[in-house]
Structures are given as structure tokens and as C-alpha cells.
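Inspection log for the structure reproduced underneath, given as C-alpha cells.
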Amino acid sequence: MKLLEITGLVARYGAGDVLKGLDLTVDEGEIVALLGSNGAGKSTTLRAISGLVANLSGGIVFAGRSIVGLKPEAIVRLGISHVPEGRRVFPGLTVRENIALGASNRRGVSRRQLAGEVEEMLGFFADLRRLEHALGWTLSGGQQQMVAVARGLMAKPRLLLLDEPSLGLAPLIVQQVFRIIADIRARGTTVLLVEQNAHMALGVADRGYVLETGRLLVSGRPDELWSNPQVRAAYLGGAAVAG
Amino acid sequence: MQLLFTGFGIGAIYALVALGFVLLIRAAAVVNFGQGEFAMLGAYLMVIGFNVLALPYWLSIILSVLLMAAFGVVFAATTYWPLRHRGGLPVIISTIGASIFLENLVLVLYGPEAAQIDGLFDAPGIQVGPVFMDSQYLSIIVVAALLVALQYAVFEKTLLGKKLQATSQDKEMASLLGIPVATMILITFAYSSALGGIAGILVAPILFVSTGMAGLIALKAFAANIIGGYGSIPGAILGGLSLGIVETLGAAYISVPYKDAFAFLMLLIFLLVRPQGLFGERIAEKA
Amino acid sequence: MAARYRWRGVPAALVAALLAVGLAMLVPAQGYILNIAMQAATYAIAVVGLVVVLGYCGQISIAQAAFFGLGAYGVALGTVDYGLNFFTALAIAVAIAGVLGLILGLGSLRLGGHYLAMVTISFQQILTVVLTNWIGFTHGPDGVRGIPRPTLFGLSFEGGHAYLALCLVAMVAATLGVWRLKSSRLGRAMQAVRDNELAAGTSGIDVFATKVGSFGLSAVFGSLGGGLFSGGFHYISPDQFSFAESIVMLTMALLGGVQNPFGALIGTGLLVILPEWLRFLRQVYLAVYGAAVILIMVFLPDGLWGFVAERLRRRVRAPAQDVAPLPLLAQRGEPGADAVLQVQGLAKHFGGLKALDGVDLAVRRGTVHALIGPNGSGKSTFINVITGLYRPTAGRIGFAGRDITALPPHRRNRAGLARTYQNIRIFRGMSVLENVMVGAERAGNDVANDPAAAVERALAALDFVGLGDEAARLVGTLSYGHQRYVEIARALAGSPEMLLLDEPAAGLNMTEKQELGGLLRRLKGHGLTILIIDHDMALVEQVADHITVLNFGRRIADGAPQVVLQHPDVIAAYLGEPQRHEAA
């Protein structure tokens, strides 16, 4: 079943078009990876879905309903949670407070229930436990990434948008993050993932899209992308994939 | 002792106005130079309600405060909202423009003559030991204490407070989490404006009501906010009180004409010796 | 080349001055229009000063009317009460104001942003109180009357035309000076401080001195304008130099466009005339003025000049010249012979958190040394302590044979220590070339005092990283990967002894990472000493001669790459299970 369907999406920033007619679908229960070089329009795609791009044309349909023109607050209430580039942890709030605010899109969550869910997240991301009262700005990059993902999950989304979750993380943590992404899907959440780390992303994804300057270059299953020489040369580190 | 009480009372005024500053800083990251004009407008509404329209005293207070809250929304929509993505300085200048506008608008509409309104209580005050406690100062202190407690509780203990803070720290991220950013900001401005109005109504019986009544108070309240620690609620209180006391003692023992200089001198000394204020700012820059 | 730099703008200014004098002759010699013209000219000088402190250096000053007042009172009291010559009094007033400006700037040592704004407001208020109340010296609220106009070399400026011409010439000179400042070494330093203080410091700029200097300069212009104002109107009083007037000047600067002195002229002219135009509104005019300020902020974000400049923007061509290759990579000493960086027992505690807990590390000359470890293990803290952004709790840092433990960041950079940042820190308001010139102009570099040579060096550094053709672009318009290269070029242009790279590969895609690997290998080939932090093990393996691993602020492994990367503790704490694709 199609959960998200994007057709002919055009996004403008300043003078030029960042997206020039993009088509993309995500089925319920999938992990879809969005790959491409810097400036290809990957993050813009996520921002457009979340309602952060003002100058937009084309269709975005989520769970059978058009969400073009809705405000970000309204879109997240429909069940799309976006963990943006750069983590964006609130610097003056504690880890616990940051995570709790992730549930802001849901109405009627009692204090007790909220506290319980935050506990659950702190159990899931065990490294955050000892930091629960630390302020956001004191955290290292990896810790912030975990807070950002935990906060995104608190929305209990049907679709989770993850923008470069592995950026700046140690190899061990990157592996952990991707295990978490697989876990998230196992719990029934659909994931649309933007990544520079194509190897890791295609390791967990069911399908991938490769973007080039605002257009779709190619899409398909990971093995199809791996065997496409054009994609390999341009985006997957060329033929010289080090062992 | 008598001087200490007076200083305390004046300090409570600064603290009350500083509270409005702190609110906007904490919840909208706005430094509002129109905060003093909020107080001025509140006082004028009171004059119109009680003196001109002859409404009952408490009804005029309630109406004035409600109207001020509504005015806060208008203020936000015109002065802040169009500039919200442009950082601190343009908003500061815009609030300065608004304060010039308001002051002169009232001047045009009401005229330059000062008005006076009654205090909350008919009794002039009570004698406690050697100190005569003026009833108006006493009410200012009590109201300030109540509002402080309320504001502290909202910011530190409630989810709404956390949402307000999140909005000030990163509006876009807040909206991605489903926090209604525009509503948060309007709430903040409405409350801040109402707070300013309350301060104006309380101060009016002491100072007379004039268009220029609040300019200097607002600047000193801002100084109090920095002495206490930028954006800190307990800091604003302590900063305001110490400023009021220093100023009163300075005027009594050193020089009356230079009274207004003491506050700023104290601020300069504080900034050089302990720039983070009595209660340090919560966020620092990380390299 | 050098002559072109020296005389830039001067002919145009001479023409402008002549035109101004000519125009001054057309103004009626007395009355209303003359007064407005005189007010505009003297205010403009003060507002041009605001461009320096606010537009270039990014420091909020709400005390320009106080400096204006200092100049005015200096001239008034000097001539009227002490019988001094006009220009002597003016010189003394400007000197006093300049010194007070420097002192005010000292406040910026520990304060930024809104704090500093409040310091300037306090200064403004205190001055107003003093001017009003120190009646014995300042004449108090009555003000000073009968201020004379000067005579110079037998030329009398008593007449309205002559005096207005004098003011206009001063205005043209001030505008020219500030315009040229923008593209000078000091001006670039100011803009670098405005755009990114941390990066300015680690690029060799004395951030504090630059800010203090900008306050001093701004005060000089403010008081110069005030001194001329005083002579122009023969009478001054304290209320002309109040907080409200400082706000008016600030608004003038913002209205015109604070990045450029021409904007200041436009803004001043308009706001001097606007109230006159609005006079028919009688009492309402101040209210309209307040509303106009809001509208200006909303609809003209970059000021009038910004609005005009945006429409006139010409495509700036990169200076097309052949440049000599980058000389930085002249070998110094045998590779591997001695330690360039020697760190002993380095500790940094944040409250109870031990971010660094006694780390020893030595980087040998001509080697690439990698520092790896989990997130939060103290790597970034290490670089921040080494480059002077944090003070260590304990330990000693030796660099190129000196103890640099106590030096501020800019002194460390001048000793040859250059760095890049994990989250790119470039000077966003400046062009690619200007960004890199800041690096080339670090004190102690061989080209620091020669603008033409600094341009050439910067272009050479850009060529080295492959961005030679992008030199004229605004740096913010480059792609993320290229912005990283600008940061590296800025570091290289300063001929560093050693380069610290903090996660240079973060955010780059596979192809860009391979390019970066190539660049690092070239630098290594030239014998540059490098300390690199990165999580990309493929990159680290490609370039590193030596690896140190941190965990919880302590060193858990140190040695040759093949040994360290097999170390069981390193695998457990950092690398995790070996992965097929992970290396890419």
C-alpha cells in the first residue's frame, strides 16, 4: 500500500529550482533510501514533505490525503516525523525535556504516560540515561543524534524522515544507529532515509532512489543500484570500493 | 530601614517590568524596547476606564489588563512577526520604532498633561516598628512576588513552559515537532503585554501617568535583567531589587541629581566583574 | 599594482568634494535649508562611524550620540570657556572621545551582543546625566551659547557657505576613509570578527583588539561630526545628545544600509529630511516616524543601499592572473625528526565531567597523525584546547619548541598552528578570496603587509584546493564540500607549521571524500604536518602515519595504523565488528 506518493515535485529557493519534477513513492512498512551528491535535493525533498519549503508545486499525498500547503505542525500531526539535518537539539533544554517535546504532535497524552514513554526511549538509547539532565548544548554530536532520533520517535509516526543520521558519528555508533533504524521498521514505522553513507543505507533499505541536481537519476532495489555502473561511479565511491 | 523599604518597593517595580523582558527573551528570543510603553499604555487604559468612564476600580483593572493582552497580540503581529526570521537586531530596532510610535500616539490622542490614578487601597500604609510601609509599595511587592512565582512555575514545571522555550531556541524545529509556533509566540506577547500593563497600573499612583513615564523604568528594568543574569527569572528579581536599593541609598547619601546614573554605573561594574550575572545564562556557544 | 591600491577612490573623492563645495554655494547662506544641510552633513560623519563598529565589526553600539555630544561639548567648552582655537578644541575633543571609545570597547573583552549593547546604553545615560547636572563645567540644562566658527590659514569659515563646505569636505573624507577601510587588512579583520569570532581568532586575528579598535574609530567619527555640529549651530544643549538621538543615528545607519558608508549617507539624508517633510502633520509626525522605522525594518532588510546594490550587482570577475604556486610547502627539517606538537598530561574538566583526563601526544614533523575515538571521547575538546579556545585544567602544550599553553588563539595561529572546524566556520559575508586573504594576512606571515602579495598568496592557496575560479564568489553560495576547501585554503594561505583538521570528511559524499583524500595526500607529499580527526576509517587509513585513540578522555591506544586498528580495545570501543563496506 502506498503511504507516500510524490509526483512532479518542483521546489524553488532564490533564483533556481532545487527540485525539478521529482516522482517518488514509499510503501507502508518500507525503508527507502534517498542518495545523491550534495546539492542534489535530498534534504529539500524531506523539507518539502514536512511543509518547510514555501515555494512548491507538484503533488505530495500521504495516506491518501494531499499535504501540499499544510503547515509543518499539521503535517506532523498526520503522522510524519522529521529528524532534520544537523540534529537541531534544543540547546537550553535537558535531554529528558527534548525527548518529551517529541510528543507535542499528539493530543491527550497524560503526564504519567509521557514520563513512561521517555523512560522507554532512555532504555532504548542506553547511552542517554546518564545524560538525562544534561543540557542539549553540552552533548557531543553522537549524543545529540540519539536525542534527535529519540525525539522523532516520540511522535509515534507512521512515516519517519531521517536526514543524514550517521553524520559525524563513530563507526560503532553508526552501526548502532542503523540497527535502530531496522528496529524502528520492525516496530511498524516506515522510514525515508537520506544518507551520504550509501553502503550503510543500502544495507538496511528495501529500495533506493538516486538523485542528481533535482531529478531522479535511477531507482531500484539495493542490488540493482549496486550493479548499475553509472551509479557506482558517481555516488557509491566508484569501482575502487576498499575492502 | 525606611530607605531600604522604599528601595525594595522601587526595586519591585523594576523586577516586575524585568519579568516582562525575561518572558520575551526566554520564549521568543526578543529584546523588546517597547516594554516600557506597555506599562504606559496599561496606566492610560486605567485612567480612561476609572477616571474618564468612571467604571468601578477593579473592573477597570481587569478590562485594562485584558485589553493589554489583546494589544500584545497586535504588537507581535506588526512589530515582530514580519521580522521573525531576521535575527535580533532588526527586531530590536523595530520595537524601538514601536515605542516611539506608541509614546507619540498617546501624546496626540490624550495630550501632554499628566493624569493621576488612585492606589489599590485607601489606607496610606501600615507602621511596622520603625518602618512605615506605604500601601502601594506593599501591593507592588506582593503582586510582583505572586507573578514571579507563577512565571517560574510555568517555565520550569509545565510542558507549556518547555514548549515556549523550545520555540525561542529553534522555531523551525519546534514546528517540526508539532508545537504551534505562532500560537506560542502570540501567547508570549499577550502575557508579556498584560504583565507590562499590570506594572503600569501599579506604578501609576506613585509616578503620575505621562507618556514618558516608563522609558527610563524600562531601561533600568533591562539593566536589572542583565545584572541578574540574562533571561533568568530569579535573576530579574534579585537584579531589580538590588538596583532599587542601590538607587535609593545612592540618592539619599550621595547625590539626588545623579540618581539615574547609579543604576547604569552599577550595571557597568557588574558587567565587567561578573558578566554572566548573578544567575548565569544557560546556553553557551560550543566550538 | 601597489600604487593602484594606494590611490583607490581618491580621484572620485576629490571630484565629490568639489561637487559638494559647489553645491554648498547654491544653498541659501542663512536659515532653514542651510541648517538642514549642516545637520545632515555632521550627522552623516557620525553615522559613517557606526558603519565601522556595527556594519563591519558587528558590534551593537547605542551610544553614537554620546560621542557626538562629546565632540560638540569639547568644541563648545574649549572655545567658549577656555578660549582655545576651534581646531585645537576639536582635536582635544576627538582624542578624548577616541580614548573613551577604546575604553568602552574594552567592555567587549568578556561581553558580546546584548550585553555590550547595554554597556553602550549605560555609557550614553551616564553622559546625559553628567552633561545635565555638572552645571559648573557643562552649563547644565541651559546648554552652551555663542560657539564660534573657525579660521584656517586666513580663510574664514564664518559664513554659512564656507562652513557648510567645510562640513561636506569632512563628510566626503570620512566616507572615503570608511569605504577604503572595508577592503583593507583591518577592515577584513573586522568583518571576519563579525562573521565568526572563533574562526577569526584561530586565523590569527586579535579579536579583542579589533573590536576595541572599531569602537575607538567609531567614537572618533562620532565626535568629529559632533564638533562640526557645534560650530554649525552656535548653540548646544544636553538633550541634543540623548539616548533617543543615538537611536535616531542607529536607525539612519540601518535605513541606509549598515554595510556601506554610502548607505549611511543616504540614510542620514533621508531621516534628516523626513521629519521636515512630515512637519505638516504637526504633533503626529513623531508617531509616523516611529511607524516608518518599523516599515523600513520590514520592507528594506538590507537598507536602501542594499536595495539599490542588489539591483546593480555586476558579475564580479575573478582576478585573472597567473599566480606562483603556494610556497607554504617548503620543507622544514627532515620528516619525522622532531615533534612539532608535544602535549603532556593534558586535562580539561567541565564541572564534574572529565572531557580530557591526562592525555599525552606527540606529532612528529612531516607526518599525518590521526586522532580517533567514539563521540564524546574528547577529540574535539582536544583540538579546542590545543588551539586555545578552551583553557586546559592541567597539562602542557609545546609547539615548535615553545610552550604555548597560556597563549590566546590568535597568538597560537601566528606561531604556525592553523585549523579547520567540524561545523564549517567561514566568513559568510565575504567573498571566497577575502576569506582566504584573512588567512594570508595573519601577523608574521611573509605577505601580511603587502595587499597585492596577499591577494596572490590567497589565489595560490585557492588554486591548490582547486577553487581558483571561484575566488570572486560570495562564499555562502559555494556547495558544502567547497566551503570546506575554502576553510582549508584559508589555513594554508597562512603558511602554517601544522594543520589541524576537525572531521573534514563529515557531510561529504563518497566522491567528495575521495577528492579530499587526494588533497590530503598531496599536502602530505609536500611534507606538511597534519593532525586529523575523522570517523571515516578509509580516509584515515589512506593518509595516517600514526594513530592515537581516545576514549572517555583517555588515550587507549597509540602507534602505527595497522597495529592500532587491530587493537582489541579499539575494536570494542570504537570500530565495532569488521564490516565489508564500512571502509568506504
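When the chains are written out, they are named A, B and C in that same order, and each has its own residue count from 1.
Note that a contact is a pair of C-beta atoms (placed from the backbone, for glycine too) under 8 Å apart; a residue touches a chain by one contact, two chains touch by 3 or more.
Note that the structure is predicted; figures quoted are calculated from it, not measured.
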Most centrally placed chain - per-chain CA mean versus overall CA mean: C
Maximum inter-chain contact count - chain pair: B-C
CA centroid of subunit A to CA centroid of subunit B, Å: 42
For subunit B paired with subunit C, centre-to-centre distance based on mean C-alpha positions, whole Å: 35
Of all residues in subunit C, the ones touching two or more other chains: 380
For subunit B, residues that touch 2 or more chains besides their own: none
For subunit A, residues that touch 2 or more chains besides their own: 138
Residue ranges of subunit C in contact with subunit A within the complex: 350, 353, 372-376, 380, 422, 479-481, 503, 506-514, 535, 537-538, 541, 573-577, 579-584
Residue ranges of subunit B in contact with subunit A within the complex: 159, 162-163, 165-166, 169-170, 172-181, 282-284, 286
Residue numbers on subunit B that touch subunit C, as the complex places them: 31, 78-79, 82-83, 86, 88-94, 96-105, 107-108, 219, 222-223, 226, 230, 257-258, 260-261, 264-265, 267-268, 271-272, 275, 285, 287
Complex contacts: residues of subunit A adjacent to subunit C: 36-39, 138-143, 164, 167-175, 196, 198-200, 203, 234-238, 241-243
Residues of subunit A that touch subunit B when the two form their complex: 50, 52, 71-73, 76-77, 81-82, 84, 88, 90-93, 97, 100-102, 104-106, 111, 114, 135, 137-138, 151, 155
